[in-house]
Structures are given as structure tokens and as C-alpha cells.
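Below, chain A partners chain B and then partners chain C, in two separate complexes.
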Partner chain A sequence: MAERPEDLNLPNAVITRIIKEALPDGVNISKEARSAISRAASVFVLYATSCANNFAMKGKRKTLNASDVLSAMEEMEFQRFITPLKEALEAYRREQKGKKEASEQKKKDKDKKTDSEEQDKSRDEDNDEDEERLEEEEQNEEEEVDN
Partner chain B sequence: MAAAAGSGAPREEEGPGGDAAAPQPQAPTSVPGARLSRLPLARVKALVKADPDVTLAGQEAIFILARAAELFVETIAKDAYCCAQQGKRKTLQRRDLDNAIEAVDEFAFLEEAVLGIEPRTSGLLSMRSTI
Partner chain C sequence: MADGVAGRDKCGEQRLVSLPLSRIRVIMKSSPEVSSINQEALVLTAKATELFVQYLATYSYRHGSGKEKKALTYSDLSNTAEESETFQFLADILPKKILASKYLKMLKEKREDDEEEEKDESDADEAES
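The block that comes next holds the complex of A and B.
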């Protein structure tokens, strides 16, 4: 599905919620104004991406990273965003780290469980082997007696 | 169950329609005010990928762009509201937004895309007017 950049809009419901929370209670927004803000937000992302990409290319990197975006904010004269963005980034990194640790812990628990199950299994096998040996010895004794 | 909030769902949320509120990532309970983004990262990523010069974008970059877009929406809404207040209105109109864009230098990049005005500086981006 070929989409022009201008057609990629952010969800209206979320945009409306952000606007309403930014404004005092009782203030409304017309549909046209909201739609224009939504479009402006898309353009903002496109512009910021382009600026950030310039920084990435300067650093001879092919992947945009967080600091490229922060540099773009400065370039676009949105320095006031930089501090809240850094805080949000730290919170995001903590959350990602927490998620990663949680899933690694789950995996460890799963492995431990599998290990202990295997141990039980091998203990049973050992018992079986012992019994077989005993039987063999008895047979040998019988044979000796015969001889 | 299109709107099911998936536990353990990947960071990308695919929303079929524009108006459906996409399931949001959980906000951290420890730090009040440091909210994670409400905008769906998948949509932001689609915008980033629309740029032909961009090869790849890291997850953190997408997240920060989403958060920056939120801050931008808050900022422009507040600036537009100042104009509405002067006119003693309680409803933000399109013209309030237009005024804010013309008045605030940082919003100059919007002039072409939102107002359809030719940019003062030549070719910041090769974007066509959306009007």
C-alpha cells in the first residue's frame, strides 16, 4: 500500500487526548484545528527524522539513534524539549532493562525446572540398572552352583 | 479481539483504523510524570521509514520521536490557545493555529505543509503542500 508521507497520520483519539490535557478544563477544539495539529505533528516527525538523519550520516552511521534525535531537537530550536526527552529516555531504558531481566529470569526458571526433571528421570534409570545387576549376579550364582 | 491489550506484546502496535485507541505501553509506576509515549510507536516508525534517506532507526530513536511529537502537540496547542484566549473564545479554531504558526519562529517549518505558504528558506525538505 503506497502511502504518501502526508497521509500518515497519528491516531486522532490520542492527539485529542494530548491536546485536552495540555489545555485548561472546559476548553474545546474544533475538528479543523485538531486535524491541522495532527498533520503538523506528522510533519514535525518527518522534519525531525530528516534532521536526525543528517547527524547520523555525519557520524557515518546508518542507524538513527537517540542522540541523533536530541541533536535534531537542538537544530530545530526545540531545546526546551531536550530535558524532558532525556528523562523519558532514561525511564524507557529502565523499563526495557526490566523487561529483559524479567524474561531472562523466566528462561532461567524454565531451564531449572527442566534440569530437575531430568535429574529425577536419571535417578530412576540408575535404580533400574541396579536391579538388573542384582538379577545378573543371582543368575551367575545359580550357574556356578550348576557347575 | 482487536483492542486486546496484549501482555508481553511487542513494542509495535498495529492499529487498523485511525480512530481506535491503540493499546498503550504500561506507564512506569515508580516515576510519576515521566510517562512513556502515548503515541503508537508503529505509526511513528512508519513516518520515519517514509523518508527515503533513512536506512534504519533504532528503537530508542523511534521512542524519542514519539515523545517529542507529543511535546510538540502540547506546545502548539498551548500557543494556539493563547490566541483563542485573546479573542475570548473557549474553542480553539483553525485560525488560532495558523496565527501561532506564523507568530512562533520554531514553527516556521510548518508554514508550507499546514498553511500552504512557500517556505522563506529554500528547500528544507522536499515536501509537497498538503492542502
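The block that comes next holds the complex of A and C.
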């Protein structure tokens, strides 16, 4: 996929918003300054990526991971970013876990519905068995993912 | 402060990161030695970039010319790139601006210096032989 020049730039609107939220109210940002910060941000991404990649290679890995990025920040002397980044990582992981549980819950509800439609009379007993089975399945799935 | 960086999408939900991950990924992949990027690394890089934008803007503003200033200008940024070690890596893309006439004068002076050096060297060579 060929990259067009504008693809290496970040969207102006978002960059502007981030700058405005960081500076005190009423401060004007010249168009040149905005454009410069945007370019600087792209360069930052490249620099951070290159640095993180060195850590990945040291670890004989081909895939950049979260710890590579954190190590890169340390190396680039942006230690001040490390705490907020770790917090963001935790929040992201919680979010991902929540999404996974939500979709598993949907599946569980769907299966339960199908089962209870099929087995009307001996419902109570069978439902207990189903719950145990589904819990086991959940546990097995979790183990696989962690590996 | 944390709220400041989380953007809101069309549904008004708070997002962890405002910058588009797809664009960040494109920039990261343009780096030749990079094979693949795991999703967490992508999210962290995007977040780090936001923190960087904030830091660059506020640093430049604080160190800028005059306390009553109500504006952030290009020269504030290029000063930061030149004077701060942390932001040195930006020096090439945020060059200081000078008048064209001054630049041409600098070029002329440099050319004269180079010619002087060459002359000295060739004199020295002649003396040796």
C-alpha cells in the first residue's frame, strides 16, 4: 500500500483540540504553529517507533509490544509520560476484558434461551447443569487466551 | 488533566485516545525495520503522541517571549527545538527563520572562509615539496 504524503500527517482538527485543551483559555495558536506541532507529532511517532523497535529486536521479537513503547519513552527521556501511559494501558486492558465478557454473556444468554425452549418440563435441573458446563467452557476459553 | 486527552466520539462516549489509530499505524509502518505492531503498542503510541503534543505546546508557550503573551507562535516552537535537549530531535524540522538577505550573506561569508582555507592548504603543500 503506497502512502500518500497526507497519510503521514495527523488530522488537524484533533491536533488543534489537544493543543487548545492544554493551553490556558484565550491563547491564540498561529496556523504555522499548529502545522509545526502536527509535523513534530509525526516525527515523534517515527522516533518512538524506531526506538521501541530496537527494544523488540533486543528481545528477539518481531512484534512491537506495550513494554517496548514504555522502554522507548524512557530512552527518549519522556519519563513523565510513563505513569499516564501505564494508567491508559490498564484502562485499555479493562475495557478489552469487559468487551470479551459482554460477548461471552450474550452467547451464554442465547444458549440458555435455546435450551429452555427445548426442555420445558425438567427446566430447573437441566439449567443447573448447563450453567456448570458454560462456566467450565468460559474458564477454558480464558486459559487459551492467556497463553 | 486525564479528561482533557480523552476525546468524545459521535455517540458522546469518552474514548481513551483521540488520535485515529489507523493513521498512527500508517506512520509507524512507514518505518522500514518494523514488522508488526501489537494493538496495545498502537494504543500506547497514540496516547504518547497526545501527551507529546500537550507537552510541546505548553513548554513552548511557557518559555515563549513575554508573560502577557496571548499567542503561541512558530518561533516559540523553533526556540524550544533549539534550546531544549528533550526536543532536540525536532531541530531539523523546526528550523529557525532568518531573513533571506541574512542567509545569503552567511553563504557568502562561508564561501570566502572555504576559499581561505584552500589557499592556506595549498601554500602549505608547496612549502613542503
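In this section, the second predicted complex is superposed on the first by the 114 of 147 C-alpha atoms of A that agree within 3 Å, B and C clash if a C-alpha of one lies under 4 Å from a C-alpha of the other, contacts with A are read in each partner's own complex, and residues count from 1 in each chain.
As a working rule, a residue touches a chain if its C-beta (ideal position, glycine included) is under 8 Å from a C-beta of that chain, and two chains touch if they have at least 3 such contacts.
For clarity, every value in this text was computed on a predicted model and none was experimentally measured.
With chain A as the common reference for superposition, the partners chain B and chain C occupy clashing space.
Contacts of A:Val45 after superposition: both chain B and chain C are touched. Within the superposed three-chain model, A:Glu118 lies out of touch with both chain B and chain C [touch as defined at top]. In the superposition on chain A, contact is made by A:Leu89 with both chain B and chain C. By the touch criterion defined above, A:Asp68 lies against chain B and chain C together after alignment on the C-alpha atoms of chain A.
In the superposed pair of complexes, A:Glu104 makes contact with neither chain B nor chain C.
Contacts of A:Asn12 after superposition on the shared chain: chain B is touched, whereas chain C is not.
Annotation: chain A residues 3, 8, 10-11, 14-15, 17-19, 21-23, 26-30, 32-33, 36-37, 39-50, 52-53, 57, 62-66, 68-70, 73, 76-78, 81, 84-85, 87-89, 91-93, 95 touch chain B in one complex and chain C in the other. Contact residues of chain A toward chain C in the complex are 3, 7-8, 10-11, 14-15, 17-19, 21-23, 26-30, 32-33, 36-37, 39-50, 52-53, 57, 62-66, 68-70, 73, 76-78, 80-81, 84-85, 87-89, 91-93, 95.
Listing the residues of chain A that touch chain B in their complex gives 3-6, 8-15, 17-19, 21-23, 26-30, 32-33, 36-37, 39-50, 52-53, 57, 62-66, 68-70, 73, 76-78, 81, 84-85, 87-96.
Of all residues in chain B, those touching chain A in their complex are 15, 18-22, 25, 28, 31, 34-40, 43-44, 46-48, 50-51, 53-61, 63-65, 67-78, 80-81, 84, 90-94, 96-98, 101, 105-107, 109-110, 113-114, 124-125, 127-128, 130. Listed in rising order, the residues of chain C touching chain A in the complex are 2, 4-5, 7, 16-20, 23-24, 26-28, 30-31, 33-38, 40-41, 43-45, 47-58, 61, 69-74, 76-78, 85-86, 89-90, 93-94.
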